[in-house]
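The following pair of complexes shares a single chain, chain A, combined with chain B in the former and chain C in the latter.
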Partner chain A sequence: MPLKWVLHWQPNAGSTVNSQILSEVSQCVESINGLKQGRWKATLTLYKPHTRGVSVPEQPNKYYLIIRGQRIVLEADSSIQTIMEKLQSYKTRLALNFDGFQYQLGDFQLRVGKVSPTHSENLRGIFMEVEYLPISSMEKARQIMGEFLEIWQEAVSKRSLPGQFMHIEPNFAEYGLADHYTSQHTAVQYATVMAQLIATVQAVQSVRN
Partner chain B sequence: MRLQPQQLQPQTQPQHHYQQQQQQQQQQQQQQQQPPPPPPPPQAEDTAAATTSSSPPPSEEAPPKQVAQAMDRLSHAARLIADIRLGADRLLEALFITAQPHQSNKPLHLFLKEDSSMRQHLQDLRSVGRQLEESGVLSESLRSRSNSWGLHMPVVCPDGAVVAYAWKRQLAGQAGASAVDRTRLALKAFTDQKRRFFPHLDDGLHDQDTKSASKKHCGPQVPMENHQEELSGFKTLSDVLMHLEKEVPNLKIFTYERLDWLKRASLLPSSTNEASMETSKEHNFHSSNKLRTGSLSAVAVEKIAVIELLFPSVFRAVVSLHPAGSIDPDSVAFFSPDEGGNYIHSRGFSVYHVFRRITEHAAMALQYFLGNQAETALHSLLHWICSYQTLFSKVCSKCGRLLSMDKKSSLLLPPVHRPYRQFSALKISSPQLISSAKDTSSDLSQAYHVGCFSEEA
Partner chain C sequence: MECVVQGIIETQHVEALEILLQGLCGVLKERLRIHEICLKSGPNLGEFMHGCSFRGSTLMTVRHIGGAMRGAGAEQISVLVRTMVESKVSKNVLRLFYALGYKLDHELLRVGFAFHFQRGAQITVTVSSVNKMLKLHATDEAVPVTPGIQMVEVTAPASAENYTEVVSAVSSFCEYLAPLLHLSKPGISTGVVPTAAAAAASLMSDGGGTTL
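Our next item is the complex of A and B:
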């Protein structure tokens, strides 16, 4: 399946994210000829004991479970969420929505949106997905994705926003994943992004306090 | 008071004829000025006859009236055809609306209304057509009738041109004029296509007039002759393919009979399907030649019509041979390695922009190779296709970047242009270059963005 990079917004030290930044970023996509296509949404849940669960729209019948500490990723049927609830062995600690719009730029697809807790409109972060449709090999696409990111960062920097998009590539090999991209790769990327976002929010809170 | 036309005898003397023609013309104009519906009394019996679908023998009406009626009916037919076209559009619109969510019965009513009016239009068109046929407009039956006073019924030519008031000279003139126009349009269309697909032929025609032409052609011809000698070993399909397999290590070559390829194409996993890419029925060229032990997958060389070149994770190219088993390629197309479906064939187009662009470029390269040296066309084409294995890694030789915004389509694309004009497969096969083929700064294979490529390069 086409490969993608998931990025998160890293605000500069001392500043926070807000919806103004999100709208500027969306305008940026349109400035490089992105065509808005529709809404897009993924959800990520943090469980206790320490497990993350991700559901993505491209695989509506699947649910992905990740244990970062042990580098485990598992693809399961979406009914496992019900099982987990019923068994009471996994309790939801935090659930986040990744909510945004999808844009088409030729052979690229972009998704830009906000990260907010479920049942709340509070914007806690901004995320972005860059997908290159024609190929599935991460190694083969690395150069293209890198150059796209350069073009993107250049476009964003013109708006002088207090922060930037960061791409942290998880070590997929440690999770037992291969070069051919799959939804498991996506799930791992989202789990990593979530960890980053939580760390950022905590850092901001500690600065405040 | 004018004499009724029916009472006159046909005159053979030119002068009289001319005067009569004048009178007839004026009377025709008078008749035409009468409003068609409702038909005025003199024409009443004609229309009545028409609606009962038994037409009066045309000899009862004078030729001028016949001509006028015929013209009327032709324009009526044209109006009906326009109505039918509109109706078809409305039907399509109604169907489109039903595909949208949250619709009430509105599209259904629309559809029924259009359906009944379309049927009425078609019915009317049929009856008008019958009338026209009977009055000889759609055939040329009336021309031969002697009492037509030199007038001919308007004729509808097979290509739809209507020739009216066909006095002989006028007929010849009009037919001639429309033929000239049609020829001019056809020539223009042909020249446009030729310029688009055979750009190198234009240069050839241009240079033929100048003396420098012979000198220009001498240059490239000499290496071409050497080229031909060297490649004389590649006269058969097996030779070409085996040589390619040896020279290009990452490449997977598969060969198929034509129908087998279509089956394979529809079995290819599409990008949403994460199933394994390799199917059990591999028609690997190598194995099919070695294992001719009656297995189902062996393809006899003389039946090979489709060659598949697969660079895993980069692209898949499909080349068609015509006739099967020959070394004459007739079409080529590029696709994503993850694409699957019935449209994956040498005349199909990928859903991805990058591969669509390359396919267009490849069509021109193919024509160039065929025009330049047809015997080595397949060899050159396949090697040229292999130069695309660096599609996602080789930066543009002009701007030094991998991605560039294409101005025409406003899309970000990698360098999809690989030059084919001075492309020589011979260069690739010489030993010292095999080692340097891995060196990405090799000047031999260059890549350009569409916007970065210029003819002089």
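Our next item is the complex of A and C:
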């Protein structure tokens, strides 16, 4: 399957994420001729203790469990969620929606949207998915993905927004994942983004306190 | 949710049982080699994980077996009705559950065959020898728990809305097997049936043409 890079918005120190930034970023995609295609959504759940669950649209019947601390990713049927709920030691601590729009841009598909708790519209973050359709090998696509990201960052910087998109690539080999891209790679990236968002929110809260 | 009954049969009569099942089900049997790993965590019930090696491929399934239906109605039913959820999973499932704090309780290797068919409900009949491993995960060195005896299990998925129909279908089907073995709720063992030898001989003598 085509590979993806998942990015998250990192606010500058002292600033927070808001819907105006999301609006500016969406306009930025359209300014580089991104063609809006439709809505897109993924759901992440954080279980106690320290287990993340991810469902992704391209695999509607699958669910992914990740334990980042031990570099474990598991692909399962979506019924694993029922099992997790029945395991009384593991309660849902936090569920987040990654909700936005999909854009076509040549050989790239972009998804940009907000991160919010499932029962709230409060914006907790902004994410972006960059998918390169022709290639499944992460190494072979690395150069072109890097070049695209440079173009994108330059376009965003012109809007003088208080932050930037960050791409933190997990060490997939530590998770037992190969160079050929799969939905498990996507799940690991989203779990990593979730950790970054939580860390950012906690950092802002500690500054306020 | 699922409906379950179990029974035992002497290994010498398994071939006759297979002939009977083939005639009743009208489908081909599926060979089974299931490495069953039972985990537990603290005071919770054990959660079962199954590995099934079939025709050279390997599938892993997690099964959470919950409590049985209780009450006066449940006691009157000859079939066990219990909650059960299963999910196919990738191969590192054991690593994940160990990381979540689960520990190995016991493991078994079930070798045999199964018939899957529709008869008032989607029924599965599994006939297998139950083997224990002398070393951790050493399935090639497994030995029978009870030599000369195999376990027969009849299961059918059910829901809160249809379990009475499923129970009825399973019970009706079990009556066809009565000359060879008695099937009852797990944990309620009645041993081998005295008619098994004669019934098996009859089945083997004419290849299943006899109506039992």
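Note that the second predicted complex is superposed on the first by the 208 of 209 C-alpha atoms of A that agree within 3 Å, B and C clash if a C-alpha of one lies under 4 Å from a C-alpha of the other, contacts with A are read in each partner's own complex, and residues count from 1 in each chain.
Here is the rule we use: contacts are C-beta pairs under 8 Å (C-beta built on N, C-alpha and C of every residue); 3 or more make two chains touch, one makes a residue touch a chain.
As the structure is a prediction and not an experimental result, all values here were calculated from the model.
First (chain B), second (chain C), both or neither: which does A:Arg93 touch?
Neither: A:Arg93 stays clear of chain B and chain C.
Name the contact category of A:Gly176: first (chain B only), second (chain C only), both, or neither.
The second partner, chain C, only.
For A:Leu65, using the defined touch cut-off, is the partner it touches chain B, chain C, both, or neither? Pick first, second, both or neither.
The answer is second: A:Leu65 touches chain C but not chain B.
After superposition on the shared chain, which partner residues are touched by A:Thr51: those of chain B (first), chain C (second), both, or neither?
A:Thr51 contacts chain C only, not chain B.
Report for A:Asp77: first if it touches chain B alone, second if chain C alone, otherwise both or neither.
Second partner only.
Which partner does A:Arg159 contact after superposing on A: first (chain B), second (chain C), both, neither?
In the superposition, A:Arg159 contacts neither chain B nor chain C.
Residue by residue on chain A, keep only those touching chain B in one complex and chain C in the other, then list them.
Common interface on chain A, chain B vs chain C: nothing in common.
Enumerate the contact residues on chain C facing chain A in the complex.
Residue list for chain C touching chain A: 41-42, 44, 47, 62, 64, 66, 83, 85-90, 92-93, 95-96, 99-101.
If we count contacts the way the header does, which residues on chain B are in touch with chain A in the complex?
Touch residues, chain B against chain A: 271-272, 274, 313-314, 336-338, 350, 352-355, 392-393, 401-403, 405, 409-414.
Would you tell me which residues of chain A are touching chain B in their complex?
1-2, 32-33, 58, 105-108, 133-137, 139-141, 143-144, 147-148, 151, 179-180, 182
Which residues of chain A touch chain C in the complex?
Where chain A meets chain C, its residues are 51, 65, 67, 70, 72-80, 82-83, 86-90, 176, 184.
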